[in-house]
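Presented sequentially are two complexes of chain A, the first with chain B as partner and the second with chain C.
What follows is the complex of A and B.
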């Protein structure tokens, strides 16, 4: 059933006339996911009109419930949103409405003792972190940037600059309140027990975090609306206010103070890219040793593409740095924090030095261009800024080329293999020949999680925002993912549209069927973001299979 | 047509929402985390730069038309002070001309005959009829200067090193005449050879450009450029940040030259007085025992950067040919007023959370005050609350529009704060 005037009036009654709009100009602002190749494809190739029928802004859980009940009564689809920097939460069906949570922006509780916060959907990471810092605590910052919704990113299972200690979003969720697609409210973790506090995700009560599973084989808002979460806060040695000086836009130094925080860049004596394999294997060894010693606040491997983009002041600066070979290879980046005492950090530094020596690494010296550009400009970005969308700076568009979740060793293996497939595609089929190079062929953000207990990686490609290049990017994603699955690798195909679920699901324990069953059970009318995971009407399965060489 | 100039910039918005938040490095609390008055007040994404980019893209690609949503479009376009906070935040991550998008939308509205809004037309018509925005007779323009014995450079044979341009609001607005009078006293005390244009001074025309009426703006600008040339003055000093930006940035842009290539140098009075203090030409006798917080006017700060003309195109990867150096807010006038305040004995300067290029706008600019007074006052209230949080009793600023609107914000909140022009404080200290 289409979205009707009667349904619109019902929404007005729930949230007030000023908080709902069906004006075309207002709704147009919710109609694009232009920055992804898939979004470009939808718009350019499919001519899909993604403008929602209306946008509604609830102010409370009760209002969300009522909106969802109205959706069921009048049978129109709805899509919940966070801050709007989204892969999947956009209309793909006529008559869809968008639920914008801007009026739900409260930090409900910040518990210093038990180190958690309870927040609503429109609290950004930066807002929460700035408040947490006043209590010697902080949040991780997602690479998407600290401007994004904390709740949405955790539900999506984002990854962070300091995932070495924090893990991904799922590990930071301590509980949530979810309005199911039929309007019923469920809670998870200790949130289920009134008076128990909001500090524990494993009970009492069921742990329903698997419900959310946003980015990787999840429903992307397809199983209701998260209206509240409790999330972890992490120890922070200070200061209480993020320190900056002068004009922020061009000055990158934030000066935490050597007494609380220290950054290191580590390289290996191998020729790049010819000996990339050795470099990555040594990096893995370094991470394992650090994990065994349980040291460090940040430990990650950044390929050239991440180093150049994150540290760029302008687009021209980025290309100048590439030309000047500022980052001749990928590097390991480590940070130590004096969480408990200065002595503790000094101890960790000694251990780190021993480990680096043992694995044959070399600390990058302060006078090296890489140190000047990364450590001096960008390192603290990991703690506060994330990336926002600087990753797209090379071509004003980008796409994850490959992505995996596995052990560190397996990840290193996968990067090497995936890069090889990518280079082959470039050499033999010319795929990516017009992308920003060499950034698009030497990938690999290796992000060990929770002291190296597990690991994820992404490699990115930089097509321009036009159909031919975007088609190529999707083809590369598909073919690299296919090669990963043929190697029995745990590919995480997070950028593909609906058809990916059906194609890759059987190779991943039929997880897609489990998700579809869940969806069917909890959303019998198929109204919560119906277009994304289950109904691939944007890019057909046939098209995708052809691209992947099936 | 106006939109085509910025198609690349609008259509390459990444939707990351950085434009909606204060500079991420500089955020100090959840309370003052936002930067954009327009989306803060209007809430829907359409009011943010991101939404305006979507709208431009939609208009250019035929997904949206003026006819289907004209009134909403006009409100989205004009209920915005064009303060450029969004532009500055965006440029931390991307290289898109966001302020160009906002300007182009206004120009497009005017080209279509839908803009500017009636309240703006009144201002522009007033300039055309009376050479000022306040519908006042030309003959009263220099009433503030009576008996002050200032050279009138519009008269033949009168010459001076410095042209002191007063501006419509300081010249006519009751209660604000103290600012040009105090400026006169300060310049005289420092031994500066200066003059004014007397009753011949005409509006800078900035308001016409701000609301997209390029034709009227160019007409006004040409008159001013001719008059400036006739005075032979090489330096223009002005109190009003709107006039300052118009003379230094907009006149350069109109002539397709860099600010540095203008035949004159424009200085805001705080810059000029800062120099005079450092040269020892101004000394202070009286302590001013006040705790003061400084409100950065947008047109002096992030929008006060020298204009760097660029004509070219986007080439591979979105690089520009020839390379374009974009303004990123870092070269605005931030230090001069702070230096002046800190030089005043007894005065304690305390900063708000959002300052300099990531300052919160007062809400008055871009024609917002005249067309959407409720929005402007709500925005000012937010600034007053931020000022109160510093513990200061006084907001110092250097813009007649900010001063008036912040006062309205104070009235609306019932706050006990005062707003003072920085030059009034300087005069108090000089005695």
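What follows is the complex of A and C.
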């Protein structure tokens, strides 16, 4: 059954006429995929089918529940939206509605003692961060930007500047409230027990967060709509208000007192990119030693592409910095925070200096251009992240070229191998030759997690927002992923979503069949963001081959 | 015993659906099992089966129809396939001891005893993990890891026969309440209810032997997420109902180069709250927990007869904090931690002590026990009276006095002698939450005491749940008590169970499905 006028009226009855719209101009705004080349191609291929049949803005869990029940009654698909960053949050077929949680934007609870917050879907990181800092707490700092939805970020993916301490989204999600595809509401963790509070995650019995998320991704709305979460907050030494000056996008500076927060930039004496492998391996040594010593608040390796794109205030500035070779290689960036005391930070600084010496690293001096551009201009943005749009600055578009999660050593190996494949593709097939960021396949972001027990990496590509370059980007991504699988990297474990289940599932213990059974159990009519986490039916060989061909 | 006794039980979560049965007698089952394992490892003698029918808990006994001692994942797999095909209940067991009834085969069937799977498959010192089979105990793994300067995160004085994998899957709280060491599971080899072997996290990239995956692929088995769902969260707490974990690699940490035990004594639990929060918030120390005088005396006493005397000279509540340092400038690290501790002590007018009055060598004793299982005869919780029933849950520390009041009031109403009661509070994730545990020692040979303890257990649990205590681990009567209050949570678990285990063969009945 398609979306009908009767269904539309039913939605009006639930949320009020003012909170539902099928105006073409409004609906068209919800069909605009940002950034990712996959989104550009989705837009190209789906055209007006990406325009939702209507947009509905519930104000409460009960209203979400009723919307989902109406969807079941009239059999139309629905997609919950967070901040609208990823292409999975957009319709691909006519008759789909979008549930926009803009009216659900309350911080319901902020618990100082037990270090958590309870929030609705439209609370952004910047909103929660600014409240948390008043209580000596802070949030992880998402690369997607402080404007994104905390809830969507934790339920979906989430990678952070301070992952050295916080881990990714999975580690920061506590309890949740979820409207299942049939309209039933389930809560998890302590919030499911009357009178227990919202402070904890696992149980009673099995931990339903395991059902909500898998690999590095959530289900993209495929098992329902998350309407509330409790999430972790972390110790923060201050100040109570983030110290900023200037315009957030252009000339901007921020700084913490040296008594609570210190930044360091560390390089290694190797030529780049020829000796990239040595530089990355030494960076890995540094992380392993820091992990064993359990020091630091931020520890990450930033490739040239990250350093340039994040630190440049305009496109011209970006090109000037590249021309001036401000970042001759990738760098390790470390921050220390005085969470116990000033003496603790001094102790950690002393240990850091010894470790850097041991692994042959060199602290970047304050008068070096790299220090001036990164530490002075951009480093605190890892904590505030008001300028995530800088990542798309080179071309208004970007995509992860390769990505993996494993040990720090495995990640270094993956970066070297993936870059080699990327360079070969550029050299032999000319893939990416017209991309605006000439260094785009060099280096990678190494993000060790939780004192280096595990590690995330990405390498990025920067095509323009037009089909030819985006197709090239997708081809690069596909070929790099194929090479990863051929050499038995564990990359596929984290890349499962949509058709990837059918493609990779058979080599991962037939996990796609398990997931399809779960989808059938919870969403037999395939209404909750159809196709996510995976379709209920197994794709045919013909369909698979068609997809692989793309 | 005829298998009819198995098949007559309805354990399928699908209402009205009964299990099929092509194997009509126990002899048929045994014959089929003999094709899988040596018949010397298949047990059907009633006396032998009785050993598996009960544990130290108050849960009702349930005798299996057969016990199979397995030595490999492949044997587990074949038995589960058989059970799946013929709808026979299977209960996995890894430890030689059980406290909560989780391994009691409530509906009979086959017990798969994995306690003989004793291999430590691999140690990765660089990435700080160890891979163990299901039967490896804390004592066994700590001895091997100590050679490398490492240790696994352990609960407070685990039983010597407690399997590391069981303890981890049961989410027993660990002594080291650090954020990054709270979830220690990395990857797992599991046998699913269908009998398929499944690898979780980055181990999924290979279907080969888990310990060989790092050599045969480019993975160090450090990604614990996925594939599909996050098994590292969905499986723990499921009491073997979603799958049987045969091999797991878990995080380890380094043995400190320096340590110093510090004690803070209090007369009232209310007075512990703020200093405890502050210790956790300032991130000092490796190991930290609170014990009341009775529990601490049960650990420190040379013999059971001495528990009462020692208990009488100890503070009512003691926070035990182990300050540690590692390889780099250990003196400096110890110094800043001690300074931070003394700042907290000054603020809250308490005195950190390096020993406790009237108990000689207490720091040395606790320090020696900290990373080891209990290895001093009768298990420490049972020393006083021969047995003990625990009630535990999670709470915010600020609510702990409120819950203690509930516990003591209800226990007193049941005429339980409160001076016998143990109390243990364990912070997790630097104080985000606290495991709170009351222990009620009793004499299991005394039927009146046993009857009283059943009442105490039931009434205290009920009162706590009503008050809002969060029973995060579900055993025995807690399943009905808790799940009846949690809306659709249990129904959602049942739907997952139905999807993974359509014939409900794995440990049926334990979680209400």
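Quick notes on this structure:
Operating definition for what follows: the second predicted complex is superposed on the first by the 494 of 550 C-alpha atoms of A that agree within 3 Å, B and C clash if a C-alpha of one lies under 4 Å from a C-alpha of the other, contacts with A are read in each partner's own complex, and residues count from 1 in each chain.
Assume a contact is a pair of C-beta atoms (placed from the backbone, for glycine too) under 8 Å apart; a residue touches a chain by one contact, two chains touch by 3 or more.
What you are looking at is a predicted structure, and each value in this text was computed from that prediction instead of being measured.
In the model built by aligning both structures on chain A, chain B fits alongside chain C without clashing. Of the two partner chains placed around the shared chain by superposition, chain C is the only one that A:407 touches, whereas chain B remains out of contact.
By the touch criterion stated above, A:260 is placed in contact with neither chain B nor chain C. Shared-chain residue A:278: touches no atom of chain B or chain C. With both structures placed on the common chain, the touch criterion links A:288 to chain C but leaves chain B unconnected.
Looking at the superposed arrangement, the partner reaching more residues of chain A, out of chain B and chain C, is C. Contact with chain B, but none with chain C, is seen for A:31 once the two complexes are overlaid on the shared chain.
Taken over all C-alpha pairs, chain B and chain C come no nearer than 23 Å in the superposed arrangement. The interface of chain A with chain B does not overlap its interface with chain C at any residue. Considering their complex, residues 111, 113-116, 165, 167, 170-171, 180, 184-188, 190, 192-197, 199-200, 202-211, 213-216, 232, 235, 288, 291-294, 339-341, 343-344, 347, 350-351, 354-355, 405-410, 413-414, 450-451, 453-455, 487-490, 492-494, 496, 501, 507-512, 514-515, 517-518, 520-522, 533 of chain A touch chain C.
Those residues of chain B that touch chain A in the shared complex are 11-18, 20-21, 23-30, 33, 43-46, 48, 50-52, 54-55, 57-58, 63-64, 68-69, 72-73, 76, 88, 91-96, 316-320, 323, 326, 328-330, 334, 356-358. Across the complex, chain A meets chain B through its residues 19, 21, 23-26, 28-35, 49, 51, 55, 57, 83-86, 100, 102-103, 107, 123-124, 126-128, 130-131, 144-148, 241-242, 244, 247-250, 254, 314-316, 319, 384-390, 392-397, 436, 462, 464-465. Of all residues in chain C, those touching chain A in their complex are 126-128, 171, 179-180, 183, 186, 192, 196-199, 201-202, 204-207, 216-239, 242, 251, 254, 277, 281-284, 326-329, 332-333, 335-337, 339-340, 343, 394, 396-399, 430-433, 465-474, 478-479, 482-483, 485-489, 491-493, 495-496, 498-500, 511.
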